[in-house]
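The following blocks contain the structures, represented as structure tokens.
Look at the two complexes coming up: chain A is in both, with chain B in one and chain C in the other.
Coming up: the complex of A and B.
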């Protein structure tokens, strides 16, 4: 809430004018650069995932679905490891959403609180805070998948 | 009752302004690679400095800054009357824990990133009021402890806004004394809490600039001074965005802004260090004030300096609840 009734002298600028000044001066995100880098890094991560999936199909003899699960698991291990050795946050700094959206980003959001809050103990540190970033993703991800599934089910009944 | 030392709205003119007899700074590794590296007494090699947690490191830095500033002045710790200190962590634990190790009467202060200026203002009042003769004024912050309290786990990947600032790792102390030679704290202007409705916690420079402008305008008005009275008018941690906004606000209010304005947050890092809008945190102004600026004053480069600490008075809870960010600026003038 903005101040009222200050003793003069006060600034002769209204909060509305100040909002405009702030918007003018605050540098904007480098949008095009961010989008291009997100595309490249995100694409790179997904390509690596595809390489693993193909590898598991060709050399592991796995069926397609199992190979895709194994490929995802491999990416999670890589994302978690890169977080543990302190590299993943640097990748996100460059790649932005391209590195946050893939499953490696999800691994990062699980491992980083685990690392961070270990000092506050296993119960109220790691236990309580492990899902501090991933929690919202799970809550709304699972909720919306149930919702979409329900619509799909109802539409299917009508057919 | 008339207050003989108070002038105008909110300024105090000290009768016997205390001498700043020494200053000591301990900087983090990243600050040690910045342009002011040569002015720091100690530069840590890593962010832990051998401790088990970053909170412990911050407290140790602050404790060392308090001990060393007394040693430098060549007096005994027993002759210090008070420690005044503040930091950013919940319940100001860095200051509390540092003062626990030292055992001198302690007043914990919270002015967010304005804590260094606040401690110097209150310390000067204690000495000028005759309540003590030696006061340690300190403040600290640590990038990692601030990140994990205010933002995200330190290894969590994210892209920071271009106007975001980087919390400084560092602790600084000055020792105020009723006797000595050299620079003195001559006036103090205690700020009022100003809120212009900024809600973006990443844009703290924008949240704080009106509070600083308000303090500067009142300081100049109370003392009937112009900005060119000072060789340097330096703000705590407005960063590049906040400093530009401050200048705009002052110009709009007919304050004659010359090139004697600067900001500790702008001074402490190189642009290559990619901190975006510069440094922030209690440690930012503590390092630059007790290090670089104090050294320049001792060397005679500056004779009259106005130092305005800037504090953003929100909490993670208040921001999540959608509250706007109140801010404050405390000013002290240092003159030789």
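Coming up: the complex of A and C.
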């Protein structure tokens, strides 16, 4: 379909050369930009989590571990809500892994497909699609933790 | 209120950068789902080896908010479960992570019921 005679008028290169040039130049700036954005957005989300944890310690009187759990729970609620009102998907577009890896991204990975397939009903739509990504995460996370527990138990027996 | 804020930013940011590099430097077949599974499993393994705890002490929320922190909680729960309850304690990871899982399921469901997809 591509007409080889069609060249940008100001460029004195063949389409092949042009492709080669863009391949050489473009990936690096994109990678650096993605990495910087992932750092900034990921860092920002974790800092917001830290502010909640500090708040729960200072004003809620919670011990450190409980405050950390409460902070995680708070970010899950925020991530789910921002997905519901359609903002979090835009944050993912900008922040990439910086928005996917924090628990807000985990909440997004549950709500986003559940909303998308809502019309398929409350069981096979929302109920099932909540776990299209969270399911594998729980399967591998919980299974490997049980495996760790078993190893620890066996090592304990040998002691 | 501002305690640990900068360590959380730096540690959390760097943990996310590793994920971004995984996504950008490998084939396009590595989806966010693969990254999340890798992170939770990685957190379990690092937690079991005692390598994730120092990261939590250093970075606070910067280490607990990324999904690897969820894996760390699961591993920690399993180990502490064995110490407290013996064999049945090997399932203690889920117990330790119950709040996170419960909140995610309940609020994920509520939000999906209340809101409608954009467009």
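Just so we're on the same page, the second predicted complex is superposed on the first by the 118 of 159 C-alpha atoms of A that agree within 3 Å, B and C clash if a C-alpha of one lies under 4 Å from a C-alpha of the other, contacts with A are read in each partner's own complex, and residues count from 1 in each chain.
We adopt the following convention: a residue touches a chain if its C-beta (ideal position, glycine included) is under 8 Å from a C-beta of that chain, and two chains touch if they have at least 3 such contacts.
Predicted model, so just to flag it, every value in this text is computed and none were measured.
K.L.:
Looking at the overlay, does A:116 come into contact with chain B only (first), chain C only (second), both, or neither?
P.N.:
both
K.L.:
Report the partner of chain A that touches more of its residues: chain B or chain C.
P.N.:
Between chain B and chain C, C touches the greater number of residues in chain A.
K.L.:
Just chain B (first), just chain C (second), both, or neither: which does A:100 touch?
P.N.:
Touch partners of A:100: chain B and chain C.
K.L.:
Return first, second, both or neither, reflecting whether A:141 touches chain B, chain C, both chains, or no partner chain.
P.N.:
In the superposition, A:141 touches chain C alone.
K.L.:
Once the shared chain is lined up, is A:34 touching chain B (first), chain C (second), both, or neither of them?
P.N.:
After superposing on A, A:34 lies in contact with both chain B and chain C.
K.L.:
Does chain B (first) or chain C (second) touch A:21, or do both, or does neither?
P.N.:
It touches chain B, and chain C stays clear.
K.L.:
Contact-wise, after the overlay, does A:88 reach chain B, chain C, both or neither (first, second, both, neither)?
P.N.:
A:88 contacts chain B only, not chain C.
K.L.:
I'd like to check the shared interface: which positions of chain A are touched by both chain B and chain C across the two complexes?
P.N.:
Of chain A, residues 30, 34, 83, 86, 96, 100, 105, 109, 111, 115-116, 132-133 contact chain B in one complex and chain C in the other.
K.L.:
Could you list, by residue number, the parts of chain A that touch chain C in their complex?
P.N.:
Residues 30-31, 34-35, 38-47, 49-55, 58, 68-73, 75-77, 80-81, 83-86, 95-98, 100-107, 109-111, 114-116, 118, 122, 126-127, 130, 132-134, 136-138, 140-142, 144-146, 148-153, 156.
K.L.:
Spell out the part of chain C that touches chain A in their complex, as residue ranges.
P.N.:
Per the touch definition, chain C meets chain A at residues 1-5, 8-17, 19-25, 32-33, 35-37, 39-41, 43-45, 47-48, 59-62, 64-71, 74-75, 77-79, 81-83, 86-87, 89-94, 97, 99-101, 103-105, 107-118.
K.L.:
Which part of chain B faces chain A closely enough to touch in the complex?
P.N.:
For chain B paired with chain A, touching residues are 9, 52-53, 148, 152-163, 192-198, 203, 206, 210, 213-214, 217-218, 221, 241, 244-245, 248-249, 252-253, 277, 323-324.
K.L.:
Quick check on the complex: what are the chain A residues that touch chain B?
P.N.:
Where chain A meets chain B, its residues are 1-3, 6-7, 9-13, 15, 18-19, 21-22, 25-30, 34, 83, 86, 88-93, 96, 99-100, 105, 108-109, 111-113, 115-117, 119, 132-133.
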